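Scrolling down, you'll hit the structures one after another.
Consider the two complexes below, in which chain A is the common component and chain B and chain C are the respective partners.
What follows is the complex of A and B.
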């Protein structure tokens, strides 16, 4: 599975949305499925998927799919 | 057995209440993740557990709850090993009795960093771990002193009192994920933390306990088993006193 596949799977399972909806422009709280509750699940899914522990600042900053990719880059996960 | 199939992390597992809880959990069928600063003592405990329960694959993790990075690394190790927690007991704590005027800044920091911040950060990482299966049980150790206060323990009391508000709030935040968060407030429990006090100290405290005995680590571990088990599945946000009715 590529890193993009992993990212889409994490978002899809955490937010319970179709993978086709996971585009760079998708932002936090722009859809009902990505609320503060599912955001916590998303963080857990991403950490599990990539075997990392996200810093709290990064959890707060993860405001879009594009931003998630940028943050994951800091953990040597490239897209 | 009440905890069969469960994986439960215990902080400060190397001695006292934490050690008793870990052993009791193991005897109830749980796989225990033994955390603490003293790895030698933890390995000894693991050997003892596996001597009594040869099939128990207990895990030893070095963790200093007063240090964020140490907690983070321990939980990252769990995550990389794909170990999902069913429960955590935030037991690690320090108590330094002193009148406020005699309490050093270092002691204030140590008690808050271990008792309060350690509990908060362990919960933060544990919750992320538990979210994977959308269930879990968190048990934080407060103290009767955190509830009622005690002369000569103002800072210890403050560090334990903070856990009460934290527990109640976190239980509301985590309820939607079926993660239960509770605290227990032990009264006078005989451990190495209370050893070495004067006879007068013991006698004075006994007068305030209607059940006329001090608590034991077994009393605490029995409650911890219940709180980690599915028998307590409708209990969250509670502060459970275990103090023999002690009045302070």
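What follows is the complex of A and C.
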């Protein structure tokens, strides 16, 4: 799986939405499916998918799909 | 106008703040909506925590009507089932443009029923709260103005709410704990920040600085989130106290937050309550939090606890105890003032008078602080799927679902639990088994089902 595939899988499983909806502009709480509970699931999905441990600050900063990619870049995960 | 609204009206220092515009409104500035009806009516209010929602809430409280607080995010199908069942005269819902058999009143800004028919509503009923926030159950708790006022006063007293406090509404007001934040601050507090921004939003933390929040409230899930986002690594000079209710927080997290609160001169309140008691029944004095780790503390000033000798069930008596359940409109004509509630929890009390919950009699699970009635879920699933379904709670973290029917599959069950009941897939565990275990007297053996999951 490419990193983009992994990211989309983590998002679609945590938010329970179709992969086609996962675009860079998608932001936290812009859809009912991305609420605080699914956000926490998303964080752990990303951590296990990429085998990383996200910093506390990153949990709040990850407020969009684009932001998620930028944050993952810091962990040497490139898109 | 009743006793509760009079009290709120009398707190002249209180301002409601719109988190976005930062504009402040006194109760008079809110320009409350006037209702002109000869009789007491039901008002369904699908509200969030915005300034507009708070305006509606106080408008209905001020009127002679009953406010039925509901989540605006309820599934439309559940909304219409409730409405067909209760035929409220007014509906406030910004999520829908049209509602069958209702017309929009441009003047009032809400939906008004076209038909003329009325139900008999007991004069004591002021507020109906759902027993579970998300399942759209037609079962409500009947509360009076006295219930709301006495609980608000007790809470404001033990939390020592000051007339300089600034509080964010950081839990939904259709949820009894969230509503209690509004009511207990409205009787004495200074600023209530009307906000839909949750703690995972950077804006929330910017607002904490900007408005200088005095307190935060959270169900166990919120404390897990606070822990994960590094709350305890920082300092918040304006915070005076934090509160926790809505289910048992793990002792590990209680200790972490207790240590933080001691170091930072904060009061950390672990509390216990139920919608049937308006919100709060007891709290643990912050100074005792480590000595009496895991305790629900002692009852409120106006309340008492006792333990049933036969089954160990905790009973609470006080002026905040509800007037019974409503399951259909015919239940609206009465209000039971017995003032005592069987909590459904099993408790023990130590030699110093501190209470500890040790088990549960009722079949409920608290997911993210919201109570889910397992029998209701079973009933709904069995009806929809035309097959017998069984549910159990797993450590207040998950719901376990069982089925026997070979024609069924997991995705049909998930579809309902996620689509209708808004559960998260990570909280659902589904098992197919050949047949349900039964106890000696022929009932479903739920203990055995729990063992299957483990």
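Here are a few things to note about the model shown:
In this text, the second predicted complex is superposed on the first by the 79 of 79 C-alpha atoms of A that agree within 3 Å, B and C clash if a C-alpha of one lies under 4 Å from a C-alpha of the other, contacts with A are read in each partner's own complex, and residues count from 1 in each chain.
We take it that a contact is a pair of C-beta atoms (placed from the backbone, for glycine too) under 8 Å apart; a residue touches a chain by one contact, two chains touch by 3 or more.
It should be emphasised that the depicted structure is a prediction, and the values quoted were computed from it without experimental measurement.
In the superposed model, A:51 lies in contact with chain B only, and not with chain C.
By the touch criterion stated above, A:63 is placed in contact with chain C alone, chain B being left untouched. In the overlay built on the shared chain, the residue A:23 is in contact with neither chain B nor chain C. When the shared chain is aligned, chain B and chain C each come close enough to touch A:43. When the shared chain is aligned, no partner comes close enough to touch A:31: not chain B, not chain C.
Between chain B and chain C, it is C that contacts the larger number of residues in chain A. On chain A, the surface patch touched by chain B in one complex and by chain C in the other comprises residues 37, 40-41, 43, 56.
Interface residues of chain A facing chain C in the complex, by the touch rule stated above, are 13-14, 16, 28-29, 32, 35-41, 43, 56-57, 59-61, 63. The residues of chain B lying in touch with chain A in their complex are 72, 75-76, 79-80, 124-125, 127-129, 131-132, 176-177. Chain A meets chain B in the complex at residues 37, 40-41, 43-45, 47-48, 51-53, 56.
Across the interface of their complex, chain A is touched by residues 73, 198-202, 205, 221, 224-225, 228-230, 233, 368, 418, 424-426 of chain C.
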